[in-house]
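In what comes next, chain A is part of two complexes: it sits with chain B in the first one and with chain C in the second one.
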Partner chain A sequence: MNDLSVEFQGVSKHYPHFNLDNIDLELPTGSIMGFIGANGAGKSTTIRILMGLVHQDKGTVNVLGHPMPADQTEAKLDIGFVSEDMRLYGAATLKWHMEFVSSIYPRWDQAYAEKLVRRFDLKLQQKIKGLSHGQRVKAALLLALARRPRLLVLDEPTTGLDPVARKEVLGELMAVLADEDRTILFSSHNTQDVEQISDQITFIDHGRIIDSDDKECFLDHWRRLRLVLPQNTELPHLPGVIDVGGSGRLPVLTTNCFDPAMLSVCQDLGATVQAVDNMTLEEIFVTSVQHRRETLAV
Partner chain B sequence: MHSDLIISQTDGRPMYLQIMEQIKLKVSVGDWAAGQEIPSIRQLAMALRVSVITVKRAYLELEREGVIVTQHGKGSVVAPDASLAPRLHEDQLAEHLERAARLGELLGLTPEELASRLEQASGRSMEQLPKENQ
Partner chain C sequence: MNYSMVTRLIAKDWYLQRWMILASLAGGAASLGIVCTGGKAAFMLGLILLVMVLIFVGAQLPMAMMVHERKEQTLSFVMSLPISHREYTTAKILGTLLIFLIPWLVLVLGSLALFAVPNGVALGLLPYTVIMAIEILVGVCLTIAVALVTESQGWAVAAVMAGNVGFNIVGYYVAHLPGIAQGMWGSSLMWSPTASTVVLTEFAVIVLLLCFTFFFQSRKRDFL
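What follows is the complex of A and B.
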C-alpha cells in the first residue's frame, strides 16, 4: 500500500490574477493535515486540483494511488469532499439526500449515518432550505462521512460554526482517524482547530507553500526569546532569528529553528535571557507570512 | 470515549507536556497501576480531540523516562515498578565495570588481580550492608 494518500509534485496553475506556484505536498495515510492560509492564499485552488475539479498546468498529482485529473472518476469513489459552497437541494429533505447519496456509493453506512443524525442534532424530515449555516455544514459532512471514504477533503469545515457545533465536528473528525487507513485534509484559517487536531501542518501564502511539517516539529522549532541587554550594547544579527521586536534594552527575538545553544550565545553577549516562550500556531503562522512577505519585498 | 485527562488551552505549555504530566500523576497516585494497560495512542487522541502525533510524542517521552512500556502492535502498559530499578542498576553496573577495567589497565593490573580486588570490595560491601539496613 502506498503510504502517502496525497502527493503533489511541482504543481502550478496560472490565472490572470493569481498563480499557484510549484506546489509540493505530501500527506501520509492515517493522519490529519491542517492546511492554513489567509483568504485568497490558494487553499481552495489547491483543493480543487486535488479533486480533479481544476486541471494543473504543470506538475503531477497523485491521490490514493490515482494520477489526477486522469483517474478522477475512480479516485472520487474513495474521497469525501465538503466545501463551503457545496450545493444541497434546498427543496429536498436530509433523508432524501441520504437516500440519493447511498444509491451512488456502495459503501454507504446507514447505521453510521443515523448515528450522525442524532449526534449532530439534525432532523431527517427537515428541508435543506430551512437549515441554519451550521446545520447545513453538518448535513454535508454527514453525507460525506457516511460513505466511509478513505480520504476526506474538507474546505473550511469549521468556519461559521458555533462552539458546540465546532466541538461536535472536530470530535467526529478525530473519530474517523481511529481507523489508521483513513486520512483527512482540511483547510482553515482557524489556527486553533488546526493546532489541536492536526498531525501535519502546511502554510500557504500567495500561491506558494511557505512551510510544511509535522505539528510537533513546528511547535518545537519556534520560540520567542525575551532578553535584557547591558547598557550601550547592540544586538548583532543572530543566525536563525527571523524577527527582532521589542525596543532598546529589551529586545524580543523570534526564531524558527530554536536550539538551546542560542541561549548561551545570548549570554556570551552579556544579555540576560528573561524568558523563552512557546508560540501558538497562530503566532507562528502570522510571523511566517510576514517574514516571507518582507523577504520578498526587499 | 470518556477521558479524564484535561487539555487546557490557557495553559501555556505544549499539549504533549500536559498529557505527560497528567499520566505521571495517575501512575504515581496508583489510579493507573503498574503493568496496567493504558489507552492506545489513537484512543487517547480521539478522547482528548488532539492529534495522534501529539499523544505519540507524549508516549515516546514517557517511555524514555521509564513510566510506560510500549510493545509494538500490542499497545502500552504502565511500567511494572519492580523491573524499573533493577534495569537502571544493571546499566550502572555495566558502566562501572567498564571504568574499573580501564583503570586496572592503566595501573597495569592483570585480570586476576583486578578480579581479586573486586572480590575484596564486594566482601567489604557485604559487611556494611546489614548495618545500613538497620
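What follows is the complex of A and C.
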C-alpha cells in the first residue's frame, strides 16, 4: 500500500503572468502539512491541481492512490476540501446543505455533524446568507469534516476570521488530529496557525517549493547568532550562514543549519557570542523567501 | 458517468430555483388566462406576455444556475464533490433544460389547446406557433451553451440578446416563407414540408449547440 496520500512529481502549470514550476511534493499518510506562502505564491493553484480542478501542463499528481485529474471522482470521495473563497448556497439552510452532502458521502457521520453544529454554535434552520464570515467557514468545515475524509485539504481556512472563530476552527482541527490515519494539507500565509497544528512544513514562493521538512527540523536548524566583533575585524563568509544583518561590529547571523561548532568558529575569529536565538516559523519563512529572492537576483 | 450524482445535482438546482419555476408557471397561466378572455387584442397581449415569460425564464435560469455559480463562488463547493467535469456539464444542461421545459411545455401545450377550443385561435397559425415555440428553446440552448462555456455574465447577456434578435428575425422570415404564409391565417391546418424543414433545422441547431458545449467543456483545463 502506498503510504503517501499526496505525491506531486515535476508538476508545472503555465499562466500568462504566473508559472507553477516543477513542483515535487510528498505528503505521507497521517501527517499534517502546513503549506506556507505569500499571497500569489502558488498555494491555491497547487491545491486546485491536487483536487483535479486545474489540470497540470506537466508532471504527475497522485492523491490517495488515484492519478489526478483522471480519477478525481474516486479521489474526491475521500477528500474534504475547504477554501477561503468557497461559498455555500446563500438561499439554503445549513440543514439542507447537511442533507445534500450526506446523500453523497456514504461515510457521513450525522452524530459528529450534530456535535459540530453545537460546538460551532451554528443553527440548522438559518440560511447561509444570514451567517457571518466566521460562521460560514465553520459551516463549510463541518460539511467537510462530517464526511469523514481520509484527506483534509484546507486552503487558507482561517483567513478573515476573528480571533475567537480562528481559535475554534483551529481547536477543532487539533481534535481531528487524534485520528492518526487522517492526512491534512493546510495552506496559509499565517505562520502562527500553521505552526500550531502542523508536523511538516513546506514553503512556496513565486511558484516554486523553496523548502520542505519536518517542523521540528526547521525549528532546530534555524538560529540567529548575535555577535560582537573586535575593532577592525571583518567577518568572513561562514558556511551555513544565509543572512548577515546588524551593524558593522554587531552582526546578526542567520543560519539554516545550526551546529554548536559554529560558536567555536566565531569565537576563534575573536567574536563574542552575545546570544543564540531560536527563530519563529514566521521569521524562518520570511528569511527563506528573502534569501531565495536575493539568490535569484544575483 | 455517475448518474446518481448527476441526479443529485439536478435536484439541488431544482430546489434552489423552485421559486422561479413557480413564478414562471404563475406568469404563464396568467398569460393563457388573458388569451382565454377572447378577442384578437387579448390573444395578442396574452401571446406577447407568454413569450416574455418564456424568454425571461430562459435567460434567468442559465444566469442563476451557471454564471452565478462562479460569481457567488459556490462553484468550488460543487466541484469539491465527487463529480467530473463531464458530469457537472451534463447536470447543468439537463437541469436547466428540464426546469425550462416544465413551464415551456405547460405554456406551449396550453397555447396549443387554444387551437382546439371552438371559435378559438385559427388553426392555420398552428405551424407558425410550433416553430416559434421551438425557436424559444433554441435561444435558451444558445444561452445555456454560452453561459456554461464562458461562465461570464457579459457573454451570457450577449447570448440572450442574440437569441432574442434571432427570435424576431426567424419570426419575420418564417412568416414570409411561402409554405407557411399561405395558410397562416386560414381556419384549417396546413402543415407543409417547409414547416417540417424549419422544425428539423431548429432541432438540429439545438443538438449542435449541446454538442459544442460538451466539446468546449471537455477542452477546459481550469475549472476554478
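Everything that follows uses one rule, which is that the second predicted complex is superposed on the first by the 298 of 298 C-alpha atoms of A that agree within 3 Å, B and C clash if a C-alpha of one lies under 4 Å from a C-alpha of the other, contacts with A are read in each partner's own complex, and residues count from 1 in each chain.
Heads up, the rule we're going with is that contacts are C-beta pairs under 8 Å (C-beta built on N, C-alpha and C of every residue); 3 or more make two chains touch, one makes a residue touch a chain.
Since the model is a prediction, treat every value here as computed from it, not as a measurement.
Participant: Looking at the combined model built on chain A, do chain B and chain C fit side by side or clash?
Facilitator: Aligned through their shared chain, the two binders fit side by side on chain A.
Participant: After superposition on the shared chain, which partner residues are touched by A:N278: those of chain B (first), chain C (second), both, or neither?
Facilitator: first
Participant: Taking the superposition on A as described, I'd like to know which of chain B and chain C A:R293 touches: first, second, both or neither.
Facilitator: Touch status of A:R293: no partner.
Participant: Answer with first, second, both or neither: which of chain B and chain C does A:R107 touch in the superposed model?
Facilitator: neither
Participant: In the overlay, answer first, second, both or neither for which of chain B and chain C A:L53 touches.
Facilitator: In the superposed model, A:L53 contacts chain C only, not chain B.
Participant: Between chain B (first) and chain C (second), which, if any, makes contact with A:E74: first, second, both or neither?
Facilitator: In the superposition, A:E74 touches chain C alone.
Participant: I want to verify one number. Taking the Cα centroids, what angle sits at chain A between chain B and chain C, in steps of 10 degrees?
Facilitator: Taking the centre of chain A as apex, the angle works out to 150 degrees.
Participant: Which of the two partners, first being chain B and second being chain C, lies in contact with A:Q196: first, second, both, or neither?
Facilitator: first
Participant: Could you look at A:H133 and tell me whether it touches chain B, chain C, both or neither (first, second, both, neither)?
Facilitator: Neither partner.
Participant: Minimum Cα separation, chain B versus chain C, post-superposition (Å)?
Facilitator: Superposed on chain A, the two chains' closest C-alpha atoms are separated by 27 Å.
Participant: So in the complex, the part of chain A that touches chain C is made up of which residues?
Facilitator: Per the stated touch rule, the residues are 48, 51, 53-55, 72-74, 76-77, 79, 81, 83, 85-92, 96, 100-101, 103-104, 140.
Participant: Within the complex, which stretch of chain C touches chain A?
Facilitator: 2, 5, 8, 12, 15-16, 72-74, 76-77, 79-84, 87, 221-224
Participant: For a test of understanding, state which residues of chain B touch chain A in their complex under the given definition.
Facilitator: Per the touch definition, chain B meets chain A at residues 9, 12-16, 42-43, 45-46, 49-54, 57.
Participant: Touching residues of chain A toward chain B in the complex: what are they?
Facilitator: 30-32, 167, 170-171, 174-175, 177-178, 180, 192, 196-200, 214-216, 219, 277-278
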